[in-house]
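The chains carry the letters A, B, C, D, E and F, assigned in the order they are written, with residues numbered from 1 in each.
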Amino acid sequence: MRNVVVTGCPRSDPGEVARLAEFGVATVHEAIGRTGYLGPAIRPVHLGSRIGGTAITVVCWPGDNLMIHAAVEQCQPGDILVVTTTSPSSDGAFGELLATSLQHRGVRGLVTTGGVRDVAELHAMNFPVFCAAVSAQGTVKATAGAVNVPVGINGQRICPGDVVLADDDGVVVVGRSQVGRAAAAAQARAEKEKASRAAFSSGELGLDRYGLRAMLTRLGVEYLDHEAYLESQ
Amino acid sequence: MRNVVVTGCPRSDPGEVARLAEFGVATVHEAIGRTGYLGPAIRPVHLGSRIGGTAITVVCWPGDNLMIHAAVEQCQPGDILVVTTTSPSSDGAFGELLATSLQHRGVRGLVTTGGVRDVAELHAMNFPVFCAAVSAQGTVKATAGAVNVPVGINGQRICPGDVVLADDDGVVVVGRSQVGRAAAAAQARAEKEKASRAAFSSGELGLDRYGLRAMLTRLGVEYLDHEAYLESQ
Amino acid sequence: MRNVVVTGCPRSDPGEVARLAEFGVATVHEAIGRTGYLGPAIRPVHLGSRIGGTAITVVCWPGDNLMIHAAVEQCQPGDILVVTTTSPSSDGAFGELLATSLQHRGVRGLVTTGGVRDVAELHAMNFPVFCAAVSAQGTVKATAGAVNVPVGINGQRICPGDVVLADDDGVVVVGRSQVGRAAAAAQARAEKEKASRAAFSSGELGLDRYGLRAMLTRLGVEYLDHEAYLESQ
Amino acid sequence: MRNVVVTGCPRSDPGEVARLAEFGVATVHEAIGRTGYLGPAIRPVHLGSRIGGTAITVVCWPGDNLMIHAAVEQCQPGDILVVTTTSPSSDGAFGELLATSLQHRGVRGLVTTGGVRDVAELHAMNFPVFCAAVSAQGTVKATAGAVNVPVGINGQRICPGDVVLADDDGVVVVGRSQVGRAAAAAQARAEKEKASRAAFSSGELGLDRYGLRAMLTRLGVEYLDHEAYLESQ
Amino acid sequence: MRNVVVTGCPRSDPGEVARLAEFGVATVHEAIGRTGYLGPAIRPVHLGSRIGGTAITVVCWPGDNLMIHAAVEQCQPGDILVVTTTSPSSDGAFGELLATSLQHRGVRGLVTTGGVRDVAELHAMNFPVFCAAVSAQGTVKATAGAVNVPVGINGQRICPGDVVLADDDGVVVVGRSQVGRAAAAAQARAEKEKASRAAFSSGELGLDRYGLRAMLTRLGVEYLDHEAYLESQ
Amino acid sequence: MRNVVVTGCPRSDPGEVARLAEFGVATVHEAIGRTGYLGPAIRPVHLGSRIGGTAITVVCWPGDNLMIHAAVEQCQPGDILVVTTTSPSSDGAFGELLATSLQHRGVRGLVTTGGVRDVAELHAMNFPVFCAAVSAQGTVKATAGAVNVPVGINGQRICPGDVVLADDDGVVVVGRSQVGRAAAAAQARAEKEKASRAAFSSGELGLDRYGLRAMLTRLGVEYLDHEAYLESQ
């Protein structure tokens, strides 16, 4: 890893971010071809929040939060901090004081593959965090890392300026050049979902709506009465 | 696995289900000889719900929810959907649209060894889900599986029509032929617990109430004053 | 393990416990040199509680809660029960009835490396539990263990009478002889944090407040404009 | 769980067991419709063995091996011991002394969801073990369980007398009534695999042999030259 | 994910691959700035092999190996197949038959975040596999994916044609444009290690050779005699 | 944690260490009352070694091996290095060069809760390592820790100079003051095991040898013929 702080990164267009942020994580993930999801290990500490913004990326050494401090300076309103470590770490590298700094700068939340602490205080100050662990374990400030280089989480690539959306289903990332297209696709999907919701609440079956009966037949799925099934065992 | 949808499965008697559902998961698990518990990996997404109903069972391929769609059609009021996969899968195979279908049919909730998504929406629509993961990761509808065959979770066997109870302690299953007996045993246990609760809140000790002092003596447990213990080290 | 119940253990001074309990788990962990933390695996079942008290320690066999019953008798007001097992166990060795006993004796909560059950009831009766699992799985009362011997959790040593603090960040333990010093250090740290909070909410950066710019330079971290960085790749 | 030792269980036919045991675990699992596999968590301690035999089933309490001792008496030549626990346990419930007893009775190996110890000695005495953990942690003999009742592992049901096959790929179980059919299916599959092996070693592609090109087309998989792909990104 | 098979991908220069493959995984990982390591979850099934080659990348759906078949056709001598799944999967998506195809084409081994089977046969035919699981669980061929698109494992990005090295320490990837530089750096590091090895085997200490005594002093590490330490506790 | 290197620690008596090291890990763990076992997560990289020696303890920061270098200087012939980290870390903090240093000083092996690398080289130079992970991931030398302070692993306390035994079953620690007693107890147990081995190889059952039939009766375990059991279900 090159030890570098990259400055002046372009962000996704704020209007497009806002438009995309109207949709939930699952809807956007579907709309962009089932990509961008950062995996089930990254969860909100408290359920009930939903945020969208532009990524500032950070790579820290395990047990060390030096580069998060370096990243704060690079943040501007509408950003979301995205933190990874060079190897798995559950330590509480982020807490109330860093959140105070970020909130002052207009940052909307934190996404991390590592741990956070002061979670009661973070909740009270309304700073959403999505993380893999809650841990009071402290960190040092002793080892170099990187800010605003591309990072990988759950096989997904996140570049500075990409859009990050997070809600109770987890976190999804959308590449900067794809935000407009993603918003349109999410809009289309949301409308399709709305129609399906209405249909399902009226009793239509997915089997019919999605044409799955033919699929079941093609795959050789049999329908058997309970008695016949028991006899065949 | 035989690729089959079994239809017309008998259910446990609704009156007996209702009677059994008055008791918590832990009480019923104890009452039926410490069996039927589906393990600590299956948790409610939101704490605070309690459901009881009859099992419709589903076996899906990982990353595929085709058979859940096939199962919906087999559901009737009072059922609970129980989903497993042929190998571990955290994908969000179940979400708001399927819940809309199920709620229309009077289904009381979902139990799955896999993942769910749209959890904010599921909570808003008051559809309880008990699962091993929350994940926005989408699934396909491409591979056969089974509906209403016996399935195994945490070493417990669940047949269609069995009673499923779920609350903040997890999920327990009671075989269809045992529901009446289980309700009676749970009633007896609940009364015993009520008496114990009263005794313990008045200061009686479990050591005395359960006759454990003799057990400790038989097992050779010594009582030693703190000073004597330190000297003996 | 010696099978023993140690009686008459001295406790940390109640006044000092109360003084220390004013601070959060993360603050105290930092104040005592980043020690005493019991790790991210032990979590509150419900977020939002904070307790402090003196440890009664218990070592149980997996799947067995006999020694918890023996420990109840050793508890007095202001204590917190700390339970471990000789090998990993998620079973629900603790529930509402034991909590009733403990609450009668003035015990403030439970910390365990194992599992609990009846969590809805525990929440309703306002008895905080910090644990590694929720499980309805029942336990027996058949095997010896120990009460009030030193135990180890997450590499930390906990002796009876030590102070235990628990909140949404987890659990920290402070040795009996260190409580006064720890409270003073926590007070100093809390004041320092208060000043930092004020500074950060006014826009000061951690980079400046903690003198980290020199550290970054010494570690060879470069600052590069986004364009220059892209060209260098 | 009913605390019972079931005696006089019928076994699968020895000739059919021998015939089935000529095939590997993966081949048999495929031949019987991708069922019966006990999952990737159960592994051989030492690579390189392959066994087949008839199941004697045991359910133990965690940290307790009493019922393994009860099971030994039920074993006869050609059996394989299959051990589970009522909740997860890594303890070394099985070691050299039990293996000595079993080897005397003609038992061919051990399959367990728990732990074993004395693994150097077990290897030296040529007693294959397939387990989820190696652990020196000792167990007690204090709690009831069951021998020769149906057990569930990885969602598969194992009854006494069923055939168990184990090799470096893990463990598969075949129901007693299906052994003959399974052996025939495995034979057919092995022959098919032999033909495929010859074809593949001559350069034929799976794409052609299995007719997958049409499948790729139907699924919309495009072929794109590297240059064209880069330009499209 | 775009469902695409990218053809005609350029490979790293064979001479440079050969030169780089002279060094171990740990040495190369260090030489390129502690990057490229695919993490401790990917392990050789049998210890003792070392391979180097050029990456062909595959993205499969969990429980589905269709795209591995599509990838075989894209392989040429000197390649190593690198397989990921869209969500975690331990299924045995790769076995002896696919290895036969690959070996015919001169492929040197397999790296996968998923599972393999037929491991005894793979070892016998001398085809090294590095994987996260061994599992007999079969897969289907039903869902689209991608071949030769960039993939992410453990936060590292792997493009087709990159160099992959694998030995008993795991797997490291080196970007195609960096292979020459990496080989030179690995050479330099290997020479430095050789000198250090000689020094250490003569009794020189790392404390002196790396100048760490000053570091310890600067960090405030005290040296205390055992007696003095005990008194200070 | 106090940042200290404790010097001049007394060791267990070499003669007693040698005497104790004649016994396997499981035997010694049993002989000292089922204590001292460091758990199933710490495994040999290569099966087949057995070592015994005196502990030099090290506490490192995750991702940092500075204190291992400091510890080398404190080692003398017959020692075994025991390394822990302040929070979980799988990084390869130990490799061939450190082993060269240690081997020069007569150190017999490494036990670590973290990771190692260069495992092929370590095996070739006959330096046994017992660890929780193999990882090529490099570490820095930037953060203070401690050498020769008491550490806790798996709930067991290890002090410098204690005896550490390691074999294919894992690692056990015996307190310095208990070594003589432990050796005597292990001798007694080994003799008892030898007698049991002879008895079991002659067909005696554990049920009879350990008097377990009465236990089964007392616990209410029934014996039921297979036919009777099926009818009762």
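The rule we apply is simple: a contact is a pair of C-beta atoms (placed from the backbone, for glycine too) under 8 Å apart; a residue touches a chain by one contact, two chains touch by 3 or more.
Note that the coordinates shown come from a computational prediction; the quantities given were computed from them, not determined experimentally.
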> At the interface of chain E with chain F, does the proportion of residue numbers present on both copies reach over half, so same, or stay under half, so different?
Replying inline: different
>> Averaging over Cα atoms per chain, report the distance between chain B and chain F in Å.
In response: 39
> chain C to chain F: how many Å between their CA centres?
Replying inline: 27
> Of all the residues in chain B, which ones touch at least 2 other chains?
Replying inline: 2, 34, 39, 86-87, 90, 135, 137, 142-143
> Who touches whom among the chains?
Replying inline: A-B, A-C, A-E, A-F, B-C, B-D, B-E, C-D, C-F, D-E, D-F, E-F
>> Help me check something: in the complex, which residues belonging to chain A touch chain C?
In response: 2-10, 45-46, 66, 69-70, 72-73, 90, 92, 95-98, 100-101, 103-105, 115, 117-121, 123, 133-138, 141-145, 148-149, 160
>> Residue numbers of chain D touching chain B in their complex, please.
In response: 1-2, 33-35, 39, 84, 86-87, 150-157
> Tell me, which parts of chain C touch chain A in their complex?
Replying inline: 24-26, 29-30, 34, 37, 39-40, 43, 47-48, 50, 167-170, 172, 193, 196-197, 200-203, 205-207, 210, 212, 215-216, 219-227, 229
>> Residue numbers of chain B touching chain E in their complex, please.
In response: 61-64, 86-91, 135, 137, 140, 142-143
